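Chain nomenclature is as follows: A, B, C, D and E, assigned in order of appearance, with residue numbering initiated at 1 for each chain independently.
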Amino acid sequence: MEEMPEKIEIRQRFPEWREMLKPVKELEEGRTSYLSTPKQVDSEFFKMPFGDVERDLHDLKLPENWKELFLEAMKDTLEKNRAFKLFMDICVRCGACADKCHYYIGTGDPKNMPVGRAELIRSVYRRYFTPSGKIFGEWAGARELTEDVVKELYYYAYQCSLCRRCSLFCPYGIDTAEIVWWLRRILSRIGLNQRFMTISIEASARTGNHLGLLPGGMVGAIQQGLEELKDVTGFDLHTYINKKGADVLFVAPSADYFATPHWFVMLGYLLLFNELEEKYGLTITWSTYASEGGNFGTFHSYEAAQLLNSKIYKEAERLGVSFIIGGECGHMWRDKHQFINTMNNPPKNEEWKKFWENPDLGELAEGLRGIRFDSYASGEHGWIHILEFTAALIEHNKITIDKSRNDHWTATYHDPCNVARGMGMVEEPRYVLRNVMNKFYDMPEHTIKDKTYCCGAGGGMLADEIMDLRMRGVMPRMMAVRHVYKKYGVNILLTPCAIDKAQFPHALEYWKIPIEVGGPMEMVGNALVLTAFGEKPEDRQYDLRGEPLGGEEDVQ
Amino acid sequence: MAVEFKKIEGDSIQYIALVIILAVVTGAGFYAYVLDHEIGGLNGLSNRVPWGIVNAGIPYFIGLSAGSLIVSALAGVFNIKKYKVFSRIAAYMAAAWIIAAILSIALDIGKLYHFMNAVKYFNPTSIFSWNAFLYSSYFVICSIYLLVQFEEMERATRFMAGLAVFWAVLVHSGTGAIYSFMYSKELYHSALTPPMFIVCAITSGLGLLLATLYFTFKFTNRELDPSLIRGLGLIFAGLMMVLGYFLAVEGLEKGYIPGLHKAVQFVFLNPGTGVFWSFWLLVVFGIAIPTIIILYPKTGYDLRWISVAGILHAALVFAERFYLIIPGQVFPEEYLPGYELESLHTLEGYVVSYTPTIFEWLQIIGLIAMVYLIFVVGVKLFALIPERAVEEVVEE
Amino acid sequence: MIGVIFGVIVPYIAVAIFVAGVVYRFVNWANSAVPLKIPTTGGQQKSFPFIKRTIYDRFDSPYTWWETVGRMILEIFMFRSLLKNTRYYLDRASQKDARWLWLFAILFHYSLLLVLIRHSRFFLQPVPEFVEMLSEIEAFKGVFIPSVYISGLAIVAGLFLLWLRRIFLSRERTLSLPSDHFALILLLAITISGNIMRYFFKADLAAVKELLMNLMVFNVGKAAAIADSIEPIFYIHFALASFLLAYFPFSKLMHAGGVLFTPTRNMPNDNRAKRHINPWDSDPSVPILTKGITVSGMTFTSKKLDWDTYYSMYTDQLDEIAESDYKIVPEEL
Amino acid sequence: MYNKKYVIPLILIFLVGFFTPYWYNAMAGSFGYEPELKKPAGECVEDSKWMAANHMLLLQQWRTQAIRHGAEGGRIYHSFTTGEEYHASTNTCWSCHDSKEEFCDQCHDYVGIHPECWDCHYTPDIEKPQYQGTDSLSKFFS
Amino acid sequence: MMSRRKFLILTGAVAAGTILPTQISAKTQFVEAAEEIEAKRRWGMAVDVAKCTECMEELIAKTGNEKVKPPCVVACDKENNVPEFKEKRFDPQWMRIAKLKLEKPVNAKEFYIPLLCNHCEYPPCVQVCLTKASFKRPDGIVEIDMHRCIGCRYCMIACPYGARSFNFLDPREGLEEINPKVQMRTEGVVEKCTFCVHRVDEAIAKGEEPVPACVEACHKFGKGALVFGNVKDPNSEIAKILRENMPVQLRANLGTDPHVFYLKLGGE
């Protein structure tokens, strides 16, 4: 891992407009993502143009006709995506978005303002696609496309976590995430890709998940989870994988199989699934083929996103499930909510069709009758978030909860950006948390729900080489956490997002806030009483982290 | 840790219903005004009693505003830290009430679209002219005071608090002077009126604020420490007694002058008129009963009772305004001492009756609804209400 | 001569450019595809019935057509997104509501609307009653002679406030391009010249209306005659306004129309109920990358990702799973 | 073109909105309408072209003069154009322009302006009988 | 020529632009020492109560109407376009007759006096007017500038003589005849007696002695109880009358110094 930055000094610069049009001279260490090398990009599973060239940022080794390629790709983008074209045209540079970007707040770099970031490509657009830019040049805010400019575009396109916070505040809804996403696609056409992202995409295309976990490894991971659960609960639990004829396909981000604190969430899933199967007979299966909920393709390009998420509906169809439950992940839900059913054809198997004619869980397991999905979902999509699902179970009293088991936790909840702004799921997690624990407090209002701050590592920014940028970007979020930490004594930060869970432990350590990170499903797992196995509320002695239950003093 | 102010969510059915109801009532008030002016003569006024209750709204709303502001400034000027929790609500209400007062003038005057003349041609000998300036500057001061509070500028807040209190006193004395300097009406002319106005302003503003605070905290499910309210309640009760004292002195002085015996008898002892009832209801229900409620230990610590006292007093201060403005007009002046005079062609020389019509009441109620509409919308838009109002919040 | 050039020729050209330009921009935007349904959701989505969804959520995260229309209307008439604006205080590491920009923007845009409505009296005969009423109300009819129109002054104030922002706030200064200043200066010049004409150097309004009425019916000869009789001061205002009209479709001022097209706002958040079809990938049974993309004459094709390929790669492990009947149980220790 | 369902109506609305004057004036049948002023009986106090743009200032001067100064000084106006003296009163205007409808209203209606002068001031168009001085009271008292 | 016209344009424009009262420019341009001319005069009115009572008694006896309007009142109404409304509380009346009775003797005699604006030397209405719409001319006439009046009715409260009426209703509806020489009023402004200022100005311009309508009618159809004139001119009739009698002012104790004087209270 890259060294954590020693000290962060936020130096705000306000150059004049002419300066803003000139490409930056120095790409700062700790903010520059590594370029892909042939090894990752030229994989047969993720074939990208010009991936066979050894390049680095000092020597881009662009193809000879790179300028034409770039402009051609840009023209293609303008035709293929109205958002991109419109956002090139209608920005009035009012500045409302400026201090909404966590990277701008953290770095003070004017080109990190969402508008500044968009202007980088907008200036090229003006030069080559508008008459005024062609005639007035610099005075119309236009600039020539040079290698330095391309370098700069790469540099800043990979300093955006696609969190869409700027879009929320823009009076025209200009979504810098959309601009950056398509810009990254254009850059990939001349061979510039970020290393961290392409590695993951390639791995996911090949094995089904970003970690490159093979089927056996995945089984082993889940098996270990079941063993840990036996220690905690004393019951022999089980789960299914690749099982044809199961009712539900469950898809989680692959980090849940290994990483901490994701792991405890995994235990939470398993407890819930066992309880449901034992009590109601609802069978839920995992899949090794569709083993990744996350989709790093959504950080790269439309095509890459489609490549990765094409597997899941196919697997659902092959296994003959009725619907799909998705796990705790942030950008996965931007993808699974807004992209997947446009990019793919939904499953056509009989079970699926039949279920969605009357989407009542009672059709699958009689005891669950009454939980219906048709108020917001249809067979054209078929995905339910695990927290929505849990909220419905709690609302209909289908599971038994012992809140007091979470009394040693005082929690706050971080809304993942994509879940809040790309899906609109803000109340369900809170509903679940209020029902599974006694001490839950929200952060200040401008930092939660739709206005939530990014963790600073989304959108491909989880790469280790940009640790400085990550620690800066997470600063506003950490300040909000510190506020509730001081005010309510919060000792765990819950978030249903795999990237958050990977970023926050570092960030909390860096910003010196001594609290834990977890996911809401961990809290559900703690509080869930396995009544079907004959468990009594007082039976559980340890929580999923193996710490003894009973009183706050143990934790303090 | 400092007091934390927080906006309300404002998404419940009740909230939206409240906003709609208040908006409808406000609209009805303005519609009553339009009808009154389009059709003409729907009010109870006459050439003898040209100032009615819409005019009484001016001192009443100014009073509520000044009183509210003085509470708000308690924290800043007198450095009573524990009342800082209320300073934003109170200052915001003060600004809202002053809008109502200015609108009250606007609804009252006959040629609304001429009102810019008051700015264009300033008459230094006219108290009203000064007040027009004072009211608008007072609104500006209130707004700046609120703004520096929102920006958490400590020193500026204290300075503005001081300035605002000074201005509130000035504005209210000025308003009192409008009525008390009128030497042509025997029953108006009294040097006691301006100071009484200030006392009355604080009590009415405070009384209504107490109730507003109670209901606001109750409906937003926030914690409100009764001991804080109790402290304000005691100030409230004390000043109500001072007000009673002023009223007594003024009435007795008037009653001592033989030339005014008839008028005084008419005002205080003639149960057939609204003037009589406005005075005695004020004394009994507006001063005596609220004071007892606050001072009686069983009710004086109960927020519900305190708000009842506050509302009672604030409502009946309107009667006080009625009592202040109307008698001087309905009772005929003596043109030639010793002679009885009756006009053949107008109402001069007669005791004229003035009964406010529903259209006038609607205008006043509409303005009150408007203030609460501003308030209810304001607590959603601005961070006005503290998350919790308890004494130790500040001491930490 | 001035009259003929600026009173007849220039306005005809300007109007032609304006109309053609705006239509061209609309068509041009509409010619681009909307590949994905990507609303920015600012509130709670439509979900289970027991999840409370407030009135604000309906507009911030619309589910139905009507809710989406409501969102657009609030956006266009209330500048709702700007109203949500916050400011980040680096020194306090916290953020607060910042509504000044909203206030200035509302002040300017609504004044502009009023000013435009008032100007319609020069084009409409008879003058509609509501136009007269509006003018009388905002001028406090009778207070000043000639009437002082509040919107005419407010628009100048609003423009100055917006411009001062760009000049004095360092962040806004950094991101303002010459064209941003230019648009504001142009509008200021138009509004100020209009005010000067109204209050100081008067022009004969009846003649102005006669000119416009003749221009409208292409009565060029008569229009030219009238145009020459109007005071030159009028042509400063008129020529600048004509220029603005011609400049409008090709500048950022087109945000007025563009806001209607913005995909993050004008789409309902009903992805899970209704499938959105990507027009350039309408049958996505095979991912584009598997079909291959062509760049610079070379085609790049990724390997197929279907189950059979996958099975063939990891046959042993998958068979092992099948042997255990697809069930995972804890290992016996 | 995509989203024809929305874009085409939008373009139509824009065109209809922008060309409002056309259909509005067509419906009112007022294309190319111009006001026709009744020829006044005499010469105006000032140059008529100047008056067209500035008469409100002149009248405003007159009204302030007449009310606030009265007597000799206030009511006498020296014309710039003719150099003659005029009595500052609306009645002076009425001596040449004897119809409000055919003169004043023509332009005022044309540009949509309604001065409130006539709320109080007498116009020649008034319908009620005119008062003939104290002598006419003899019918009540004799 | 041109420069003067430009001057008018500019002064008008500046006045509108900077919200300065326009009379500044007016003074400099038109009125050459108008104040000096007028300051020589101070208008006042004297009422002979005995004659007035006589006239009223006769009139009441003749018509049998207790509330009959004598010639002066009718003339005032017609001359000044004072409207007539059924509802008394809204009915503006510039001049009206009041019945006066001493409280003391058991069967005191009733007298009649006209009440009208007293054109005080120190008018309270001018003192309190928010917009300087009520003003006192140098010649002592207290007038209302209807263009400025905002209808706040503060002057009505301040007036010790109840001389002012408010236009609650559109005054045109209460008019049967119109005197084109005097402008009408509009709804929402205050009005009162002006000593027939238009007649005064006209007479002065012609070099004649001004006579208000009420005085004219009083002499024509009544007993000649009203006398109008310049109290500063020692030779005027009113000066003579005031010298020879002991006039009474209404509410003199307020110090407003009214200029309507009542003579011979209690008869000859």
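To be clear about the criterion, a residue touches a chain if its C-beta (ideal position, glycine included) is under 8 Å from a C-beta of that chain, and two chains touch if they have at least 3 such contacts.
These figures come from a predicted structure and were not determined experimentally.
Colleague: By mean C-alpha position, what chain is farthest away from subunit B?
Modeller: Relative to subunit B, the chain with the farthest C-alpha centre is A.
Colleague: With contacts counted as C-beta pairs, which pair of chains has the highest total?
Modeller: Here the largest contact count links A-C.
Colleague: As a test of understanding: of all chains, whose mean C-alpha position lies farthest from that of subunit E?
Modeller: That would be chain A.
Colleague: Can you figure out the chain closest to the middle, judged by Cα centres?
Modeller: Chain closest to the assembly's C-alpha mean: C.
Colleague: Go ahead and note the Å separation of the Cα centroids belonging to subunit C and subunit E.
Modeller: Here subunit C and subunit E have centroids separated by 62 Å.
Colleague: How many angstrom lie between the CA centroids of subunit A and subunit B, rounded to a whole number?
Modeller: Result: the chain centres lie 56 Å from each other.
Colleague: Just curious, how far off is subunit D from subunit B if you go by their C-alpha centres, in Å?
Modeller: 45
Colleague: Can you give the whole-Å distance between the Cα centres of subunit A and subunit D?
Modeller: Here the centre of subunit D sits 70 Å away from the centre of subunit A.
Colleague: Where in subunit D do residues touch two or more other chains at once?
Modeller: Residue numbers touching two or more other chains: 2, 54, 57, 60, 116.
Colleague: Could you say which residues in subunit B touch two or more other chains, in rising order?
Modeller: 114-115, 117, 120
Colleague: Residue numbers in subunit C touching 2 or more other chains?
Modeller: 30-34, 57, 96-97, 136, 141-142, 144-146, 202 - these are the residues of subunit C that touch more than one other chain.
Colleague: Which part of subunit B faces subunit E closely enough to touch in the complex?
Modeller: Listed in rising order, the residues are 37, 40-41, 43, 45-48, 50-51, 105, 108-112, 114-115, 117-121, 123, 125-129, 132, 178, 182-185, 188, 328-329, 333-336, 338-349, 352.
Colleague: For the complex, give me every residue of subunit B touching subunit C.
Modeller: It comes out as residues 9, 11-12, 16, 113-117, 120, 150, 381-383.
Colleague: In their shared complex, at which residues does subunit D touch subunit C?
Modeller: Touching subunit C from subunit D are residues 1-4, 7, 10-11, 14-15, 18, 20-22, 24-25, 28, 30-35, 49, 52-54, 56-57, 59-60, 107, 109-116.
Colleague: Given the complex with subunit D, which residues does subunit C contribute to the contact?
Modeller: 18-19, 22-23, 26-27, 30-34, 120-128, 131-132, 135-136, 141-142, 145-147, 202-207, 209-210, 213-214, 216-217, 219, 231, 257, 260, 279
Colleague: Which residues, counting only subunit D, touch subunit E once they are in their complex?
Modeller: Against subunit E, subunit D makes touches at 46, 50, 54, 57-58, 60-61, 63-65, 67-78, 80-81, 91, 116, 119-122, 126, 128-131, 134-138, 140-142.
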